[in-house]
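Paired with chain B in one complex and with chain C in the other, chain A is shared by the two complexes that follow.
Take a look at the complex of A and B:
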């Protein structure tokens, strides 16, 4: 289905658009710098000292370069939403690190996929080491190399998933902010599970609590078991930190979480529209941030409400998410962190919009806020059923079944499967997913990459794999043939 | 090191040649059901009770895995791929069920493919079951696993009328304890200054016990022990080594190490005997005893709270068996053991135990490199030993 076949972009609109977009760009550029400067100004000594200790803080200062890469020459509602969300993320991260450096006693190091809501309700600040590993390569494709090298020179095989490998590297270089204790889990995969042994040792063997999520979490017994484990975690935190559980505060967080679920479900519905008002990172990034990293507070709800409002406005006007959208796809694996702005290229080179993706698609359920137990159960379910745990840890049917459901619901022209070579869980299902899509006559585009290391597969090598598929299988013509080959093997800005 | 060949050994060697060995055939003829498994945390007493018996999944002699490469990709550990390849080739058509644990990402996906690809589908009763073994030891986890084990037992009873109940489980624990006492009396022969059994020989004997019904091995094992007791040891100045890591079920690996003027005296790897020969509590609830035993004794890197315990365990074993160095072998693409190396190697060095880390594949490829690394390691231990003697003079 070629959704924007009829689209005509006249030149006057283009000129107006360029001026408008430049203004939007400038506005966010200024805002982002303001946030980063405020982080430094509110705690100048701490941040100054921190920069010597945590060298990745320098890379975070380059955030506006990342914003440029994500937004450069893009169009339509996606352009504004991506700008707005990146700015929101920059502010949130600035606040998170500022709080962590200012109040180290309140900091608890938590693994990605440990519910931060509980810590928030206890008056604690959480720092997720994996966030740096996700963000650094997005800002600068080589920013993570020194950490990867540190892990590999210590003997960690280069074929393990780059995310925990990079995180372990940060820990080995003693650059994880010190906290009072650690909470980790067996999610999302063996790499994530195993990396916390070295993280704990590298930051001085502080106390650690390990959550165990059952393998098959599709029944009530497994949730009850996990809730017991969460209670054990609360007990551990009360013993090892100054935090005290405040159930009313947790109720407030859960109510906000429920609002987020409502917003998210509406956005998913809108993405199903024949002329989708939202796609690609305008859909993926807000979900990833809200449901993996952030605590649902009023600010987050307000931000997402704004995004939804923009989606609805575009939908009512029949405005497509970006100009020139020709193909709708479902992206069924994480997009490469080293090429975080691949969405930009997909839009401008081939007119491809991902209306659903693996990291977004999951189970969105409301948390019952009536009792402490129901809240823990609801949050427990949310994290057990979150994307990475559901698809990488559970039975194979989760990943294959969800893909087929997404194909059924979102009716993509093809599925794009970024084959992350370090992810054993998804790589070992590639063949079966391909076969199932073939049965349904849905083309399956595979491109191989390493999540955080562009020395393994360069961005151009990724693009070439997609180009080949688009030309040979989809028989497509590029929207802009100058984008077929781009020299960005250096830190080039395109 | 050339020890006089043991007469009884060929019996055990023959059991390792083919997954469907003569004892497996005999047991199936008797109406017993073979259950495939591939991890220490699938409790042997559970699949040794009533009419069923365990068969450790191996792929002896495999050289390539083209079909499994297609389904599991090239980045999955070669053990997980090899057993799937054998499954696809029909080598495991004789098993009545495959019970595997959610041990690691690789084993899970490999086991899931037996189900997804409808292997052994001709047999209506065949099924696969994933035991949800927790990654940590606590009461909640123990009860969780007990319930899960009961579901697997129900399925075995339902499909095969396997007669697994608390009484037969108790009996199974007793039988296994009896067997392990006998096995340990042989394994302990590695501790002395002049071991009467080599690492390769022991590995063959112990390995055979994993691929055939244990009750059929007791008499041959007794005869072997008698032969060993009467045996003269030729071992003099061989360097005593311990091997640590994931699955090794091919005795040729141990043979290769021992060919470098070394003797493997302790084996902490999957398919090895440490842990493996400890006794299970015979009193009380058999389910509880089994689960507690396997979770507590498991020394695999999948257990996320036991990193430091594993280092202590190995250093104690090294002392007990008088090992002079540790060969830390990891399987290519194995995430768990790959990460383990980051803390384990330094931890062992802190105990003043020499250690070498070697990455390998499931089948014996890269033999030359493996040999060279071991040679160099053995020489370095010997040199240090000689140097310390000279220093004393």
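Take a look at the complex of A and C:
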């Protein structure tokens, strides 16, 4: 009798949850379409023309398919947070491209990991070509193929990192909004540095400023050198654009950045809890967006405060980040862009929640806003010490040391290492990382993939590698065995 | 009435079957070349193994069947399927419980497996994106010399020195070998170079997993004595030769699992 009562309650709860989740899904679906339509309506002619010129804009319009892939059948606090963040990202991207298309003379093309805060303070619009390269394969795993082929046919080697190759491919097809100049840097790796030669040439030899971040970034002299370089960049921008440096505006941006750091550190603490209220892409995606792509403005701070509030609420109620979480993990390399929603599968198939990951776990320091020099120093440090830039350069201890600290702090049941076949830097450290984890009796799951090209390793091949690890090493039973093999070679399925 | 237990390993190149009796002793085994249809391969190998066994006439009479290998889900009569990594570990543990590291060189992949004291998998690493270093690679190389795999292995043992083969890719290695033969380099030295290039590849993979003694090699390539010697040189360890055909380890492990699963099933009844 008692059991049947309980079952009845569960059934009611589950029906309620389905209705609620469907409502949440519908609400964000409508909101996302509204954002994209607003982008089109604000500058209809430009956007209409842009659709022909920049064919990836058409792929961006399929964003709601990506939202479905990320959120389909998920549960718990992660479901709401991922929905909310994806919607925020779609709105931000729509605004960024709308501004770029409406005011082309204000556009400056900047490489990923060039501080966008400085450009914002100068009244300029920054367009990061890598963003399209990261987002496109998430929406449609084959959306980047035409750009990869274009880059390879121009001689960019096929076995290097696909991200700069895809970015260069977009430029080679003349699909990067033309700006007044380019700012590139030697971060995060040599692949990115090399691709900007091609990008500059294909855009039409507009002026370029190359930030040269010292290789050994740990000492004060390096930071001073970088600050001088940033000042050179400001001078270059003032000369080549109509932007003027407004230090008060930069101070405001830095203050918002500091608020973001505060929020982020609180979220990290909550992820350490025995019953973590946040994990996977509910942790990774907001960090990636806020600290790699966006400029900290009031809207961003408000959005992240809301995410933190949801985390705290779940924590106080003892609510776990998703139903059926059985394993804590630390994901120690970027998740595959061609399988951006791998988190969904990890949750539903194996009950795996990543409570920390390489791209999130970086140096979070406050920027001293007292003088222009201290602000540049603070921002400089943030980017020199950022995830990826410190991991793909310098001694092995940068990447391994951080991993061991994350293992110590977040106590994972195992480490999951997505081995990006295009990243020779991290591949060379695989055996060392595995050895160190072994010493600490933390199993180490390796799955090979190509960041942006699912022709190299299909999504099912990625899943197979994780399945093998979960079955053979963790001796785990899947939560849902129908998810062990999925035919998702065509888009829209999963 | 005697009970029989079966392990069926549907590999990419060969399909293997091992039958155990109720005293956990091997009573029969069979190996056939894998067909296009894994289901058909499993059916044929079971019939072949049953034909060689006393006391069982029909594959339907097995008390428990475990399927393994890449085509494990296609073994129609299987009661369940278990991954080949676990089965290889269990098979080797049954034959020699002191083994801690297995290098499994299959037809189309290479694996390094760390085995625990109870035969469970501690860790593994694999190369399944490239044919270099697999059984298929050796088949291609042997065909360059117009030899069988056994003849190729024997040839490499006659080498006076090792000609380095630089290429890591099956296709380019073939080109390199053909040009070395055209340069009239001694065939035995080239064959030894091929064995060494594969051994070096295994060395890198096994270092990732972690080398722990004792070490053995399983899979069809374990019969290639030239490769075993090259691995011993590279890894600087003595490779343990197993008493049972190393190609059968996956099927044997599956049969052992079948035996144990049946015990659990009976005790639950």
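The rule is short, and it goes like this: the second predicted complex is superposed on the first by the 484 of 494 C-alpha atoms of A that agree within 3 Å, B and C clash if a C-alpha of one lies under 4 Å from a C-alpha of the other, contacts with A are read in each partner's own complex, and residues count from 1 in each chain.
What we mean here is this: a contact is a pair of C-beta atoms (placed from the backbone, for glycine too) under 8 Å apart; a residue touches a chain by one contact, two chains touch by 3 or more.
Nothing here was measured: the structure is a model prediction, and the numbers come from that model.
Visitor: In the overlay, answer first, second, both or neither for which of chain B and chain C A:425 touches.
Guide: After superposing on A, A:425 lies in contact with chain B but is clear of chain C.
Visitor: Just to be sure I read the superposition right, which of the two partners does A:471 touch: chain B = first, chain C = second, or both, or neither?
Guide: Only chain C is touched by A:471; chain B is not.
Visitor: In the superposed arrangement, which partner chain does A:448 touch: chain B (first), chain C (second), both, or neither?
Guide: second
Visitor: Quick one: is A:457 in contact with chain B, with chain C, with both, or with neither? Answer first, second, both or neither.
Guide: second
Visitor: Contact-wise, after the overlay, does A:434 reach chain B, chain C, both or neither (first, second, both, neither)?
Guide: A:434 contacts chain C only, not chain B.
Visitor: Looking at A:214, would you say it contacts chain B, chain C, both, or neither? Reply first, second, both or neither.
Guide: first
Visitor: Tell me which touches more residues of chain A here: chain C or chain B.
Guide: Comparing touch counts on chain A for chain B and chain C gives B.
Visitor: Which positions of chain A sit in both the chain B and the chain C interface?
Guide: Of chain A, residues 421, 430-431 contact chain B in one complex and chain C in the other.
Visitor: Quick one: which bits of chain A touch chain B in the complex? Just the residue numbers, please.
Guide: 151, 154-157, 159-161, 164, 168, 172, 184, 186, 189-191, 193-198, 201, 210, 212, 214-216, 221-222, 225, 228-229, 232, 392, 395-396, 421-422, 424-425, 427-432
Visitor: Under the stated contact criterion, what part of chain B meets chain A in this complex?
Guide: Where chain B meets chain A, its residues are 70-73, 75-76, 102, 104-106, 108-110, 112-113, 116, 130, 132, 134-136, 138, 140-141, 144, 147, 301-302, 304-305, 307, 330, 332-333, 335-336, 338-343, 345, 357, 359.
Visitor: Taking the complex as given, what residues does chain C use to touch chain A?
Guide: Per the stated touch rule, the residues are 83, 85-86, 89, 120-126, 129, 207-210.
Visitor: What residues of chain A sit close enough to touch chain C in their complex?
Guide: 421, 430-431, 434-435, 438, 443-444, 446, 448, 456-457, 465, 468-469, 471-473, 475
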